[in-house]
Structures are given as structure tokens and as C-alpha cells.
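For reference, the structure is listed below as C-alpha cells.
In order of appearance the chains are A, B, C and D, and numbering begins at 1 in each one.
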Amino acid sequence: MNMTFLQEMFNNITQRDALLRRRHGYNTNPDHADLVGACRALLESDGEASSIALASRALAMYERLDGSERRRFFARLAEEFAADPTRIDQAYAAYSESRDNATLNGLFEACEPRRQELFRRLNLASDGTYQLVRMREDLLALRREHPELAGIDADFAHLFASWFNRGFLMLKRIDWNTPASLLERIIHYEAVHEIHDWNDLRRRLDTRDRRCFAFFHPAIGDEPLIFVEVALCKGLPDHIQPILAGEDSDVEAPEDADTAAFFGISNCQTGLRGISFGNFLIKQVVQELKQELPQLKHFVTLSPVPGFAQWLKAQRDDDSTSEAQREALAALDEPGWHRDPERAEALKAVVRPMAARYLTQEKNDRGLPLNPVARFHLGNGAELHRINWLGDISDKGLEQAAGLMVNYLYVLNDIERNHENYTANATVACSSEVRDLARKARKQQAKGELK
Amino acid sequence: MNMTFLQEMFNNITQRDALLRRRHGYNTNPDHADLVGACRALLESDGEASSIALASRALAMYERLDGSERRRFFARLAEEFAADPTRIDQAYAAYSESRDNATLNGLFEACEPRRQELFRRLNLASDGTYQLVRMREDLLALRREHPELAGIDADFAHLFASWFNRGFLMLKRIDWNTPASLLERIIHYEAVHEIHDWNDLRRRLDTRDRRCFAFFHPAIGDEPLIFVEVALCKGLPDHIQPILAGEDSDVEAPEDADTAAFFGISNCQTGLRGISFGNFLIKQVVQELKQELPQLKHFVTLSPVPGFAQWLKAQRDDDSTSEAQREALAALDEPGWHRDPERAEALKAVVRPMAARYLTQEKNDRGLPLNPVARFHLGNGAELHRINWLGDISDKGLEQAAGLMVNYLYVLNDIERNHENYTANATVACSSEVRDLARKARKQQAKGELK
Amino acid sequence: MNMTFLQEMFNNITQRDALLRRRHGYNTNPDHADLVGACRALLESDGEASSIALASRALAMYERLDGSERRRFFARLAEEFAADPTRIDQAYAAYSESRDNATLNGLFEACEPRRQELFRRLNLASDGTYQLVRMREDLLALRREHPELAGIDADFAHLFASWFNRGFLMLKRIDWNTPASLLERIIHYEAVHEIHDWNDLRRRLDTRDRRCFAFFHPAIGDEPLIFVEVALCKGLPDHIQPILAGEDSDVEAPEDADTAAFFGISNCQTGLRGISFGNFLIKQVVQELKQELPQLKHFVTLSPVPGFAQWLKAQRDDDSTSEAQREALAALDEPGWHRDPERAEALKAVVRPMAARYLTQEKNDRGLPLNPVARFHLGNGAELHRINWLGDISDKGLEQAAGLMVNYLYVLNDIERNHENYTANATVACSSEVRDLARKARKQQAKGELK
Amino acid sequence: MNMTFLQEMFNNITQRDALLRRRHGYNTNPDHADLVGACRALLESDGEASSIALASRALAMYERLDGSERRRFFARLAEEFAADPTRIDQAYAAYSESRDNATLNGLFEACEPRRQELFRRLNLASDGTYQLVRMREDLLALRREHPELAGIDADFAHLFASWFNRGFLMLKRIDWNTPASLLERIIHYEAVHEIHDWNDLRRRLDTRDRRCFAFFHPAIGDEPLIFVEVALCKGLPDHIQPILAGEDSDVEAPEDADTAAFFGISNCQTGLRGISFGNFLIKQVVQELKQELPQLKHFVTLSPVPGFAQWLKAQRDDDSTSEAQREALAALDEPGWHRDPERAEALKAVVRPMAARYLTQEKNDRGLPLNPVARFHLGNGAELHRINWLGDISDKGLEQAAGLMVNYLYVLNDIERNHENYTANATVACSSEVRDLARKARKQQAKGELK
């Protein structure tokens, strides 16, 4: 009765649709073929009166497909929604003759996969953007086993890079006055250090020395894209547990702090993988904090070292590792080693140097650091500043990084230079302390001397 | 002193810049060559740390260029920021061999003009989106005389179609509680019936029987993209002057109205020409109004007929026009004819039929109606409903349309069909009254009989 | 450094204060005498430049007093901040001579207790209103044992009735999009059916068939004054447990519901006892719901019956109770009786009639119903509609009301009449079903026949 | 059809009302007697179910009364809604016997004029607060000629002082982004220097060196209570015309200013006369500005001197005025004197000293400065800092103050002391320059020497 105009139009279309179905003996649950048909109809519509309704219909169908039907739909997208080879050949012929902008535009249009126009039109539907992000999430899960779907992903990535341009993102502060529905999502999406419940969240957010900021996109409403948690401290923090526990810090008022420590950065939307905002987020948050608290001097992370424990394990079997190192590392096998001060001290003398080596010298096949967190912050222009022994003694921290955490330091005047050196020469900016540690690792390796 | 982080980074870059300038003897006012250099630097940056600053710098330079320098800059954009022919040739070779998605993506990337990536990066700057829209405004002004710039415009259009996707637009109601800064823009942008001052605006907006809605884009803040003015009436209105004067209507409460009359639709951003939102705007406004006032029965425009007077003039010299018609039309040459009831009545008998013929039968080279307003509403699925004699007796109304105005009617159940018939067969949906008028025009032409 | 103007003024005053203290050998912890001094200073200030600072100082002192010092402070307020008897005598003499408005005003001013002006001035402090509400909370706790403080309470009540005038209250909807800090208060203040944690809250609020509204006062920000929880149902609900559990109702969309059931009304501020908003809240919420969901037909409560079990116990020893009734009621002593269908059925036949009698015929010394919840809703014009057997089988429900709950029905056309009959003649409006039950109770009493 | 609950209740009551009217032969236009009846009904209702409706009805009746009926209504209020003498006598008897808080409260209640309870109940109506403010506006207009209405005004004043307590006021910034409907009110209410139209307003508000703040009360929505206009300057301004014209100042960015000049303070609600917020407004605005622009050093007004010209005229006939002074002052009679530099200079030598004398030494019957603006700022703790020759050369400025304007300076550390000296001893804080001028005035008077 109170039905809206667009709903009515949608109903009109759906009714006709239902009619067609009945005539042609379609069953009521759509399958991938129905969706392919709906997509064709959307592409053939001339983008005006009915596109919104057609887009909504197609997305609603997708929603109802199960996993295998979705896979089949993607396969059809890959095969049938590419571009017209004949048209490309003609456009190329024209281009290679005149080599001007007009024919270039012609060629560009001819070889744009029809999927891109399809996605643009699906985006007309209300909430379309978010549904497309989730559609890509499905696709990414399939991609590993179905490399033939890579082409579709390239189309998503091309459009998302435009749609999620930093100029369209909005930074919002998250705190205890934020709507519960959004905080619930923060609890859900926290990826670095799990938030167990509302009390846990309150401990992290609702003190005068905490800040949290997230990026949002206007078309996907209250769904955060990425967020960062910050603790205001005196001096650079070296242990994560007191921060997570919300223990009384020595910072009574925000104005007392000299350091902003970024202790958790979480991407929220798997479907936006590869569309990077983390770098912009950190820098915009630094700006916000500077504005609020001009006395802040240090901007630093307290970051995990995922993959280090695995690498360390591999080293124990490696020829280059000295006997002394190997013996020392054996202590890691004994549960609870970190609670035994003597044992821990002995390990520290071997593990920190090896971590310095791991982070500064171990490279992947593109010549960049093996550790992904290091790649992220070094690429942003930060400096690898300090390796913190027993920085994270949670089960997860012990398991993935032998309890280590790292401070990456963002020094205003060095960011540009660090960044340029990193991208041009893969140079890892690090403090002299870290450099000395890495040197010590080499010595231990060579001479078998520890300490 | 309170300078922000990003400003500082910007200053760092600008200082280096200034240094370079001095070394190389540049003068302080940038020219198109400086800007081309800045654009290259932006494209070469790897999109991370310094891109925002570089983008801001380039846009600031553009801002300071004068008209001829801007033209030179566009010329360079056209010539030097297309795509790499060798890379295209290679990509095409690969594609023509395998014809798969991977090589198609390769070709698509190779032939995307570098301008597109440039514009995407300029868009990183704060307020970049709006500055790009204004840059295209400049370009459109030059395009007529410089057809070689058409390629750049295609790149703008391609990106803007993505960025200004309807899914990203926000509808807001405009009324007397709207911030003055925004109302000022409404006064400025009104294109159909000029708003003279604040009192004039108040008459149009601030009564219970008026509504105004605009589309906004989150990245360009308070700048409206397009807006529509609505009067709530009893019955379909046929004269614009009482509406503009805010004369007491017989609609005491909005709940009394049965008709929503769209009496002005104004595009605000020249730089977004061809990126169409008007259709979506009308339909979303219909939806809003239905929600607020479920009793509304008719959604109709009161639209101008630009170009009709000019066409009419040409008819007077045309062979097909009968002597009787010609004689009647001569009255139009006498100033003030519309205030003379007898003369006006005689004219009406000739002019309205000819207008019906003009609107329904005169076509452009694409086979669509000659009149642009008719094309817009018929394309949206509306029906050409009534031709109103002396509908607009302002100087402008008399001059451009012999005082005529037209009602286009949006009938929910017909929109789809009308639209499809129009796009498929260029069929003009019209009321029987208009059809009869057009028939009468033919008779008058043939037999020379008036009335 | 960034200290604000008013803070500086406050500091100036506090420094002078500190100086005075040191001179006069005061210790650093204020006692009631210090506070009395601060109150005098505030009353003697001429209400302009320094009043805000003086008010803040006095409230800060009060905050630091412990319970016994606060009691002493109230005692001093009672004794020393009344009115000047001589001035009253003179004003009365003048009044009794001329009996005009001028001398009446004089008398009124003379006998206004100075406490009222004191409280008005304390209210100048930022957050003063809320601190005064909490001050009265302390006072009410003391009042029972210290009847001499009743005078102060009258002053609070007089002012609060003005300040918390319904015209100043703001109704806000509470839902899952409400800031967490406010929801936390809702959890805290819920007085009828305890909310255990955030998941419990979510079940009550975050479904399409739930609503929650609260009154706020602009000067005390996010502290709710009173709130009501509503469930949208088909038909009048008779059991509270499914509602609290958020069990799937048969109301799929809010538009399906025909009934709004108020299942919890909680006053949040003890310090506002006696300042009644509950009546206005219910009526304004009815209005809001009608606006949103015009199809709603019934507005009803599902209310507890506190005190009934106690009364019932007393009846068992009362001569008027028949032997048969007494025997039946004995079953209530056996734990878990409500899970034994046979026993429960037997009890039902006795207990419901007695509840009807209790609610309609048992009166307090003002001739009004003994049950406070009944007094509230009957006073608002509702009708005692139905007595629900095993309506609340929680421990609390069994303990306070033998598991009974009551529906009070708000019938638009009867509210006025019910209300008038109630206030004029203490008439209890009730359904014929309840009336029949009460009659049956009398019969059972008289004849000893059950059923 | 969509009628709301409270409306329906209101209609119910009004229908009964209409019935009564017809029965008793009332005419349809209410007169003061009807309103008195409605007020009685409201007072007799027990404040619950129907009070809101009864209050709305009474206020709607008042709205429809013409001036003379309103006067009659006030007369009835004065006569019939005072207090019950017998009850007062009894309460006084009880009080004079026991002299305790209980009997004091009894007396206080007995002698509270029933008007106060009436106004509190009228305030239940939606928008009641604002309507009561306007009702007092009417009353104030009548009071001069009808001193017998003073008693009613005392009741209004008593309640308004509670309702408009500073703790309930909200400060909002007004600028070009403020809703037009509110800006329109600012144009309307500006009392010091008239705002002619929207362009004029824009010049005053919409530059980086302007600020405007207003106090609002939550219950009267968008109606401002008082507002102040501020110009940010370098140094203390001495002329108003450049400020009003929005002339380019030497303040390019707000951060460049060292002075905030308050150049217009306008009370908006005549009905709130005597309920003072100006003092709080100035101090809260100083605080806001300090927060935004910590570099500001001076807070000063540029104020008119209403009444000075009139006083000056009287002096010309006064014996104490020397012949030389008299001769000089004669130049004031010649129109355009301020445009003649020589004449103006001669006048300046006489008029400024006399102004200093007028402002510092001429007292009213309460021993306070004759000039109301001086009383206001001196009472707030400001210092009379400078007398500016030709500070306001508008017609109004010339007419009321011979073109003079005055700077009152708010010096943080002196405000308290100035204020205390002023209230205790009526001491006028002034700069040595002003003191010297006043001394010169005495000399000129005595010796007849000018200069």
C-alpha cells in the first residue's frame, strides 16, 4: 500500500519475469543461467529507465545462488562477457593506420571487457557497490583453484581502483559514542589482536589515551573499509599485552603523551584486496592526531612479525646456521619457555639478531623483504626501528613470531626519502640498533659465538 | 605553527620545487610546460607516499594558468599522454594469438590512454574531483574550435561515468532551512526561470506547496549537480507565471494536492555534460514525493519549448505553409500581441497545431525529435500530454517559444513501454489531444483552412 | 597552555581560595562547613561575573564530601538556608493590609526559602543540573531517617517541576544504531526485567518488531530520564519470557503488527522521583508509533504486579479466606509448582480471581489501588484489561506476583473518561473479564467453592 | 486520516468545547472571558491526561484575541489568579507558631500566585515556551500604562529566570552555512547596526575575519535569544563603517588577528527583558575564540553611546557649561559638520572630554552610570578604554551620539576586580586616557579654556 515507485517498477519487471518463467517452464530458484540472462538484459537495456530495476534483480538473483552456481556464473562471465574480437580487430586496424587519439579511444572502447560495463550497471542498484565488493570476495576465494577467472578479477580491480579512490573515502573517529551497530563490526573485523567481547572493546577504545579511526565509503554506508587502533603513550611501547588489557598507563591526560602508537591495522573487506588505503589511513590519522595533540613527537607502530617463527624453524635445519645457534633455538620447543627468565634471556641473545636479519635481508622474488608487514610500513616510508623481545606473549604471538614485535617509526622528515629509496633500490631503512643486531646475526652464524 | 602533516609534506615538495626553479631559471608563474612536468612526476611517482602532494601541486598550477596556457596544456595532453603504440602492437599480437581474457586484459591496459591514470591520480588531491570537473568545463569550451581535443574529453567522460555513478549520488531536499551558502548556489545555477534575488527564491521554496531536490556527490561536497523545482497543485498547471510569483494556490496543505509539477530542472556543472542524472533525479523525486504524500496522482512537468520560435519563423518562408497560416503568423511580429485577446485567440488556432507537429514530427538526423526537452522527457518514458497556450509570457518565453509551454506526463504504468517504444522505434508517446492537434496542423497546411 | 577563559577564572578563584585556606589553617579536604561557606559566597555574589565559577567550586566540594559530611551539610541547609522570619513578618503585615499583587509578590519572595535561589545558582555550573539531581538522590536516601530534611526536598521538587517541564523534554528513539555509551546506560537502568549483557540488549532492541524510546533533558545530555520498551505483536501478549528472549514472533514486518505492547518502563534518575514523565512518555510514544505504523490498533502494557505475592501470603492467614482457598494456595509453597500442569491449573482457578480482587478492590489509605503499577496506569486513563496466568515465570516474577502479569489497555476514546472517573471517584476501569474474576473471588471467599 | 494521537485528543476536547459553546450560545471568536475559562479548566485539570490539550487550547485562544481583549485578559489574571488570602492567613499563622521548614513550605506554597502554576501548565503545550515569551512581550507593552499588571510580570520574570538559566542555553556559531531561515531572523533582530539585505549580511558574516554567535534555548528551537557579531582585527578598531562595509581588513587569515572586536550585541526576544544572558554570552564567546585562535590578545567592544547627544544638548543650556564650550558645540547644529575637517577637529576638542565626563560621572538615581551600554559592560567587569571620534558617522550614529563610539576592554585579570568594585562602590574602571579626558572636561567647564 505504501509501496514506493521504484519498488513498483521493480515489481512490474519481476511480474513480467515470473510470467516468462512460467511460460518457459523455469523453476522458481534462479540458477547461473538465469543470472546470465539477467545480466544480458541489463547490458542490453539502454541504461535509462529500467536499469536500476534490472540491476537490483540481477544482484538479488546472485544472492540466491549457492557456491557451485556462483562458480558457474563466473565461468560464464569469463567466457561470454569478454569483448568482441572482430570489433577489436577492426579498431586495431583503424588505430594502426592513423595512430591518433580518436582511433585509440575506439580501440580502448572495443577492448574494454563487457564485464566492466556490466559491473558499472550493477552498481546502479541501491547497495550495489557493497554487493559487488562481496561478489569479488567470492571470486577471490575461487581464484586459487580457477586461474581462468583471473580476468574477471582484473575487471573488478580496475573499477574498484576508481570507485575507492582516496578522494572518495571519509575518515571517521570510532569511540565509545559510536553506534553499537558499527562497534559490533569493529569487533568482528579486528584481525590483528582479537577483540573478545564488548568489555574488551571498551578497554581498548574508551579511555582518554586511546584513539581509533576508520575509512568509510559513502556508497557502502556503515561498513568500515579499514581501521587503525592507536594508544597514546610516553615513549615507544614495547609490549602489546598491557595495551590490550587497557592497563593504567602513565598517560593521565592525552596532553601528557609524546607518542602515538599504532597497535592494530585491520582491513575489513576481503573483496577490496589489493585496493590499498592503509598508507593513506596512517598518514591522515597522523594529521588528525597532530591537529588534536600538537605536542606529539613520535608516530610509531607496535607490529606483529607473521611468518618469523616459520622462517626460524626452517633456519634450524639450514647449513648456514651455527651449532651454537641451533642449540639455543632448541629451547623454543619447550612450552612455557617465555616464563623462565634464564632460558628466555639465552634465547633473546640469538633470536633478536636473527629477526633483524630476517627483516632486513631476507627477500622475496621481487627483491623486497619477505615479511609482509615490513613491506607495508617500509613501503610507506617508515623506518624499522626496534625489535621487542617478548613483545607479544599471547599464544598467537608466540606461535607466529616467537613472541617478537616490531616498532616501525614514521619520521616526518624521512618518510619521503625512505620511501623513494625503498621503491627505487629496495633499501630497508632501519635504526643503527637494528643494523647492529643484523650484523651480530651474521657473526653468530659465521663464528658460532653467541652474545 | 599549527601546520598539518600533509601540508608540511606539501611544503617540503614545494620547497624542493622552488629550489629547482631557481636553479633552472624558471620564473615564478607556472606555464603549461611546468604543468606537463608536474603531471609526468605524478605519473612516475608510484602512487604512494607523495602522490597526494604531487596531485595537489599539479592542480594548483593548473589553477594559475591563463586561458591560452590551458589550451597549450590540453594540446600536450592530447599529444603526449595517449598510449605507447609499441606496447599496443605487442599486446594486440599476443591477443590475436590466444584470444583469451589474460591477453585481452593486457591489451585493454596497453591502450588505456595514460590521461586516465593521470586523472585518477589528480583525483587523490583534496577537492580534486571538483577541480577535474571544472577542468573539463574548460576543455568543453575549447573543443568546438579544437576538435583534436576530443580524445581528452572521451577520457574525462569515461572516468566521470564511473565516478558519478547513480549509486554514489545523494538526494537532498532543499528548502528555506538549507544553509545560505548552498541556496546561493541554487540562485546561481537556476537555468530555466531565473531567480532574481533572495526574496524570489523564498517565494519559490518556502511555501508548503513547494519542494526542491538536488543530487550531490560526496566528494564535491556542497556543490549541487542538478536540481529540480516542484509545485504541488490541484490539477495539471498550464501557466508558469503564477508558480514563479508564488501566488496563493488553492493548495492549502500539501495533503490537498493531487499533482506534483516539475517546473524547473537545472544542470549545475557544465563539466559533467553528457553524464546524465536527470532521469534518475526525476524518478527518485517521484519516489520521495509518493512516500511523503501518498495521495498524489499525477507527476507532470511544465516545460519550456526552446527552439520552437526559431522553427516557426523558418516555416513562414516554407513552401509547405499555407497562405492562411502565414497570414495568421504575421501577428507574432507585433509586440504585445499576447495582451490582445482577439489577436491571441486567432494565433492560438494556428500556433498550437504547428507546435504539436513540431514536437511530434520534426526529427533530427538521428531520427529523434528536434526539440531537446522533448527528447529528454520522452526518453525517460514520459508522454507529451498538453501544449499550453500563453504558458510562459515572460520575454524569454515569448521569444523562444511564442509563449508556449508543454506538460510531459509521467504515468507509472506506461513509463517502461513508452521508453522502450521510444528507444526502439523513436515513437513519440502523446495524448490524443496532441495527436489531434498535429493532425489539424497537416490539414491547415494542406487546405489552408484555419480552425 | 590551551587553558580556557572560564577555567582560568575558576583557577583564579580557586587560588585565592587556597590562599584563604592556608591562612586560616583549613585542611585540604573540604568538609560540610567549607561547603556551607561556599554556598554563602555564591548567594552573596551578585549573580554575574563569578557566579559560574563559584557554583562549580561548590559542586566540586560537594562531590568530595563523604556520606556523613553530606548529611551534616543538608542539616545546615535545612537550618540556615530557610527564610528570614522578620522579613516574612513584615511582608505579611504589608500583604494583610493591602491584599494586592504587589504585596503578594513581596510576601512570595520573602518566604521563598533561600535554598531555591542557591539551587538556581548552582545550576549555572556546567553539568550543574545533573549534579543537583544526584544531590537530591542523596537527600532522598537520608530522608527516611531524617524527616527534618523534608523541607529541602520540597525545594528541590519545586524547582525540578519547572526545569523538567514536559515542554523541555526530548523524545529519542533508542536502537542498535544508538551510541554504545548510551546503550550501556539503558542496560544499567533497566529496572523491570534485567538486561544481562549486550547480547541480551540486542535481542530486545535490534529486531524489526521492537521499539524503545527515552526522554532526555537538554541540560543533562546523554543521561536518559525514563525509557520504555515496546514489542510489536499480533494480538495482546500474555507471556513475557518469549518477548525477553527475542523469540521469533509471527510479526515478520512491522506493518503486520496490530498491537504495540509496552513491556518495560524504567525511571532512570532516582533524584527525579515524583517529577512524573511516565504518563507523557507513554502518550508521546503512542503518537510516534501511530505515525510510523498507522495500522496499529491496540496499545497495551504487559506489566508486573509487585506486592501481590506478599498480599496473597497475608490472605492465607486472614479470616475472610475460605478453607478451600487456603488449601489450594498451599501449593505455592512447593518449589517448581508452575512446571506441574495439574497443580498449576488448580492454583490458577484460585489465584487469578484473588488477583482481580487485589487489583480492583484493595485500596491504600488514600482510597487508591494498593498496587503501584495499577495506580500509575489507571491514573493515566488505561483500563485493567487482563490478568495473565504464568505471565512471568522468572524467579523474580514467581516471587513477587506468583507468576502473574497484567495487561493495561490504552483505548483512545476512553482515556479521558477513565482518567476523570479515576481521579474524581477512584473508579477502577476494568474489562468485564476482570470484573467477573473479581466477583468469583468474592464467591469463593464466601462459599468456599472453587471454580 | 494520518491524524496523530495527541491531535485526536485535542480534537475530542475541542469538539466537546464546541458543543458547550453552542449550548451556551457562545460566538465562535473567543474573547477574554473564554480564555479565562480555559485557564481555569487547565488549572483544575490534575495535570495529567488532558493538560497538554487544555494548554494548547488556551494558547490558541490567546493567539486569536485582539489587543484590547488581551488587556482585559491580563486584568483578569491580575485580579483573579493571585492567591487565596484565607489560605495565606492560615499558613502564616502556622508558620509564625512553629517557624520551621514544614510551615515555611506551606506558606510559600500558599502565597505562590496561581498564575505561576498556570504558566507552568501552559508551558506543557508544544511551542508553549515561545508563546509565553511572546505573551510577556504583550504584557510589557501594556505595563507602562497599566501599572496594576506589574504583578503578572513578576510571575513571568520569576519563572523565566528558572527556565532560561544559563545552564540550559546553547551557544551556536552563525555563519554563511547557517540555514537561511535562521539568518533571516538575524537580519530581523539586529538592533545596533541595521542589516539591510542578504548582501549586507554576507559582508558581515562570510569573511574569514568575522564571527557571530548566538544563544538558543532547546524549547524554542531556531529562535535566537541574543547574538553577538565579532570582527577579528589587528589592534583595537575605532571606526564602525569599514567593519559594516566588510572592507578588506589587514587580517588575511584569522591567525593574523590579535584582537576580537564585539561590534554588535542584539537581544532578540523583547519578552525576555531583564533575564540577562549578555554577560554570559560575551564570556562564553571569549572562551570559544580563545580556543579557536589562541593568539588573540585583546577582547574589546566597539559600542554605541545612545543618549549622549540628548545629554549634550541639555548641557548647552546648563549653567555649568562655559561659554567657550557652548560656542564650540553650536557647530553640531550644522548638517554635515563631520565632513568639514576643521570644524570637526574643533568639536573633537570639546566633545570627547564631555563624553568622558558623561560616561564616567553622570549617574542615574541608583548611583550608576547614566549610559545603559556603559552600565552593561562595566557591570560585566570591562574597562571604559577609549572614546573614538567619528566612530560612527551614520545618520543614527550622528544623531544619538554625535558620531562617538566607545571601546570597552575585557582584560582577563581585571574582570573580577572591576566587577566587584563596580557592584560594591559603583567605581567606573577606565583607562588613564579616558580619565585625563574627563579631567579636561572639568577644566574646560571651570575655566572656559578649550584644548
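By our rule, a residue touches a chain if its C-beta (ideal position, glycine included) is under 8 Å from a C-beta of that chain, and two chains touch if they have at least 3 such contacts.
Quick caveat: nothing in here was measured; it's all calculated off a predicted structure.
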Mutual neighbours - chains that touch chain B and chain D alike: none
Of all other chains, the one whose Cα centre sits farthest from chain D: A
Where chain B and chain C are represented by their mean Cα positions, the distance between them in whole Å: 59
Centroid distance [mean C-alpha coordinates] between chain C and chain A, Å: 50
Length of the line joining the C-alpha centres of chain C and chain D, rounded to whole Å: 39
Junction residues of chain A - those touching two or more other chains: 2
Chain contact graph, described as a line, ring, star, complete graph or other shape: ring
Those chain pairs that satisfy the touch definition: A-B, A-C, B-D, C-D
Residue ranges of chain A touching chain C (in the complex, touch as defined): 2, 176-181, 183, 197-198, 202, 206, 255
Interfacial residue positions of chain A with respect to chain B in the complex: 2, 4-6, 8-9, 12-13, 46, 48-50, 52, 78, 82-83, 85, 88-89, 92, 95-96, 99-102, 104-105, 107-108, 111-113, 120, 123-126, 128-129, 148, 150-152, 154-155, 159, 161-163, 165-168, 170, 218-219, 279-280, 283-284, 286-287, 290-291, 294, 379-381, 412-413, 415-416, 419, 423
